[in-house]
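Next, two complexes with subunit A in common: one pairs it with subunit B, the other with subunit C.
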Partner chain A sequence: MNRIVAPAGIFLLLVLGACEREERAFRADPIATETEEKIALVPLSPGSGPPVEHRTGKGKEYEDNAYHVAQGKRLYTWFNCNGCHSNGGGGSGPPLMDDRWIYGGQIENIVQTIREGRPNGMPSFRGKVPDDQIWELAAYVRSMSGNVAKDVAPGRNDDMHPRPAENREPDSPPVAGGSIPPSAEMPQ
Partner chain B sequence: MHRRLACVFLILPLGACQGWQSALDTHGPAASALEALFWTFLSVLGFVWVLTMGAVALSLRRRRPEGEDPLVTNPRRESRMGWTISGAVALTVVTVLTLTGLSYASQKHLFEKRDDVLTIKVTGHQWWWQVDYEDSQADKRFTTANEIHIPVGEPVLLKLESSDVIHSFWVPSLTGKMDLIPGRQNTLQIQADREGSYRGQCAEFCGWQHAHMGMLIVARPKAEFDGWRDNQIRDATAPQTDERKRGEQIFFSKPCVMCHQVRGTSAGGKVAPDLTHVGSRQYIAAGTLPTTRGNIAAWIVDPQSIKPGAQMPVIKIEPDELDPLVSYLEGLK
Partner chain C sequence: MPTKNYAGTRYSELAEINTENVKNLQVAFTFSLGVNRGQESSPLVVGGTLYVVSPYPNILYALDLTQPGAPLKWQYNPKAMAASQGVACCDTVNRGPTYADGKIFFNTLDAYTVAVNAETGEELWKTKIGEINMGETMTMAPLVAKDKVLVGISGGEYGVRGFIEALDANTGRSVWKAYSTGPDQDVKIGPSFKPFYDQDKGKDLGVATWPPSAWQQGGGSVWGFVTYDPDQNLIFYGTGNPGPWNPNQRPGDNKWTAGVFARDLDTGEARWYYQWNAHDLHDWDGINENILVDLTWNGQPRKVLVHPDRNGLLYIVDRTTGEVLSANFYHAVNSHTGVDLSTGKVKVVADKYPVQGRVLRGVCPTAPGAKDWSPSAFSHKSGLLYIPHNNLCMDWESMEANYIAGTPYVGAEVRSIPGPGGHMGELSAWDLIQGKEVWTINERFPVWGGVVATAGDLIFYGNMEGWFKAVDARTGEVLWQFKTSSGIIGQPTTYRGPDGKQYVAILSGVGGWAGSIVSGDLDPRDGTAALGFVNAMRDLKNVTTKGGTLYVFKLP
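Up next, the complex of A and B:
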């Protein structure tokens, strides 16, 4: 008798593990306060030693959260990112679904790129997009090149798929490089 | 004592029969037809129920006298049963045919299409209603949100669409429910026979804030409706006072413009309710809060405490920026 009851009890206890659900943080806290990310775009630095870098680690809670990535996907079209970057393949802006990153492909780099803007057309969204939404967008951009966990990346579109869903993207770790499409280069 | 309490308790639900959102307080032909159907069904089925219960009670009291052998057949009785059963079958066929005919006739009346009617496209969003007034003349089209004005006594055609999940359009005092389904267009004709404001509600569970997805239908005489429409078509008037001018600047420098539109200005976002005449609407946040200064301020400062999960984010705003911003929005009449 005990041979059946004990494993059954353990099994039932294990089922309790399913009660924990992913947290959905609707309300950013503290309210829309910008974190200080120090990222270095070149390995050179005056004096001795490499340039000082400081990453707060806030990106982790966005990259590992399916709700944030899904919100980022929604905001990507709402804020017209696809106007220049298309569905990730790039247009007048560089592609986002490949492994080449002009300004670095880590989430903090992407956040800084959205906050500050970049030469040749990328506008600065600081003040126009609340900071937590910038993190959501950056987390989604990471998922476009397969750089977030498969169970976090969006699995399907609400409308027609222009390309495979984000959770089917092959892993492509960021590589420095990339180039600006000629159409986006400022006339010299 | 207990009996009195029970009586009070039974009377209380009657309070639900009246009000601006009630299927039993109807002001339009579609809802009236439903209400008539409701009372017919209630009385017929109630009568049948009482009859059945009476028969059950009777059969419990009275028993058939014993003695007859059930295996012995009686030819007269057999033929009587044959007649009864064929009668019942024939009656069923007649009933089905009659109901089909009645249903066709009433639906034909309800779904009649007319070309000259006012056409409004209603798009469901999580969790608000986008309202586009259509017209063959381009300068008579405009967009608003959560508040639909219609002329009294005229049929109005609604085209129902959805941008995300399935919603359902339900104004109990005027019409039955009709779903808003992503990727297709449903149509619904509504009509208000009496002037008034009728509340509507999303009737298909659509997520976290489904309960806070309300709307208002305002039915008014044709002349008043035309006046309202002329005002809605107009671009927002430029602010006159210094406070409102400052408020406009704050509005443009904040994330508001990423999603909201104010016609006649550079704010052209189309993913959130159109704010061109937000001050003229009776409610904000899809029927959640009456439009007052305090409520607008509360909604801007902390929408996520009022409607957790709504797409309106918490934005960074300085204490001295709030008053001018609220004045600007409140004045968009």
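Up next, the complex of A and C:
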């Protein structure tokens, strides 16, 4: 008996492992609540050691899930993000497909950006978009620069082919240093 | 004023610099505006002072021309809201200050009109015109005529409801305001409205030519140059594209977008209107310049306005009635076959109609059109019109757009591509009577800045690589050129300095819709970036970098 169970168990483990990218959370936490991530915007912190951060793990859950990323892609045009950021190359807003981030490129930073808005013209979506959809949007934004697993990222568009598909995007992890915000160019 | 005169001809009587001596032109002085964004503005000279306004944050500088090196006299910072940068579709540009009666007037990106004491730089009044939370910004140069400051709103990519407003030059208070969509009362259409063509007659067409309530976010922004005919006391200006770009979401003619209004300066009442593009299909704003000239047409003297439209046609319109006298192609076009002069309507080619979800390839001209805002000049001496323009086509796909106030309302994916010949810009000299090109200069990139014509038989313009050029007005021969620090998209100015000598001034600093790949650090891998312009402009990053410098030239 044991001899049969062991391979079956391994098989089951494999299947379950593969399932993580496909798991669906139908309606996450009550939509009015917000996750509290402790995240820093700079690598600098006084004294010794890096800045104090604490991630709840929610970010990884969304980034590793193809359903969430696909939903994020749909919401990205639904909420007109593409009007300002195009398909990642940027417009009135900065590009989202490159390795340069003004306000941090971790998924937790991106969630903050979408919720709170940013001073040079990024609208604040708090209260306008449910929290779980903000996470989905952020997970999709991460995929635009190749920062989610290839088997999670969306494939080629059925519509006009604007740019290399997200799942063919070379990984471009955020570069510490980032870019100069437009405000840095402003004379006083 | 940036247009040089009420007629908007951009023709200067100065002739000290001419075809013979222009080759000796040299730099007199330069000045950094401190902002590395698209410099579409025009330097303005009044007496011994040169005024120049930067892109957002819209700082106004006054330089003292009576002193060596033109030192800074003062600067005025309107402290415009940083958030306005997000709702500016096509770089954070400003198209210039204007002067009247001891005051400098200009608009800020966050939608205020300001009047500043021209001597001291002190703010005289500041009037809020629009709301950035609704996607409203301001980029145009005001026109001052009599005691009124005429200003209009930008935001055609954000579902705004476009309008023009007249302010009292002394107080900044609103005198009248006329919308580009909606009921006749809001559009200031009344008994004196006498359009030439039948399709513009009827009640409340600004409502009836739209699906229910779509006119409320129907665009028709007002961001081009306004001209004025004192004899008729009429102003002329164009209205922008209807919103969203996707035409499937707005069946109907979409009045009064993508056309030209003639209005009484004092009351704002519309006199006539003509629609360049009924039910616009391709983001063809009707805001390009309307230059006022008097011509002998078929033996008759006619008062006309001349308008090179985004749709590739150069229109000559009787400015007393709104009748189209001629409309000739100045750009390769395959999306329509020109105007039916009996109805005034453009004949659209059916397979270039953008059905939702279908990718149309090779539509000419592109979304920014045969020519965008870049103003032409008319030389009273050579009798020719000098048109800075594009040579671009595009791929287009319409998609459903959601209207969310303060976010873009576009509904189209676009990729611009070079037009026939592979070059993307041209400067063309055009004979209005013959209706044809006399000479043309091809440029690698769109000619995105303005033109000045002088009595010295010279044409001044710049290209996006950074060359500022003087061209023989009659032959198109380049007689002099100077490489500035960044690409040029600005409007040249020529003036007589306090020393009695002629000078030529231009802003260098690439950007605008065409150059935002450089000024906005966009990613060239996404062809649809900057509403599809990046696809054509990928190489610009290898040719020029950001800038913001005033150059002034003189003879030795």
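Basically, the second predicted complex is superposed on the first by the 142 of 188 C-alpha atoms of A that agree within 3 Å, B and C clash if a C-alpha of one lies under 4 Å from a C-alpha of the other, contacts with A are read in each partner's own complex, and residues count from 1 in each chain.
By our rule, a contact is a pair of C-beta atoms (placed from the backbone, for glycine too) under 8 Å apart; a residue touches a chain by one contact, two chains touch by 3 or more.
No experiment lies behind these values; they were computed from the predicted model shown.
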Partner chain(s) touched by A:24 [first = subunit B, second = subunit C, both, neither]: first
Which of subunit B and subunit C A:130 touches, first, second, both or neither: first
If touched residues of subunit A are counted for subunit B and for subunit C, the larger one: C
First, second, both or neither for A:45, with subunit B first and subunit C second: neither
Contacts of A:90 with subunit B and subunit C, given as first, second, both or neither: second
Partner chain(s) touched by A:78 [first = subunit B, second = subunit C, both, neither]: both
Partner chain in contact with A:56 - subunit B first, subunit C second, else both or neither: neither
Touched partner set for A:33, first subunit B, second subunit C, both or neither: first
Touching both subunit B and subunit C, residues of subunit A: 78-79, 159
Footprint of subunit C on subunit A - complex, ascending: 77-80, 82-84, 86-95, 97-98, 100, 117, 119-123, 159-160, 162-164, 179, 182-183, 185-188
List of subunit A residues in touch with subunit B within their complex: 24, 26-28, 31-33, 74, 78-79, 127-133, 158-159
Subunit C residues touching subunit A - in the complex, by the definition given at the top: 34-37, 57, 59, 77, 82-90, 92, 157, 357, 359, 395, 397, 399, 401-402, 404, 406-410, 413, 415, 516, 520-531, 534
Footprint of subunit A on subunit B - complex, ascending: 164, 182-183, 253-255, 257-259, 271, 302, 304-305, 308-311, 313-316
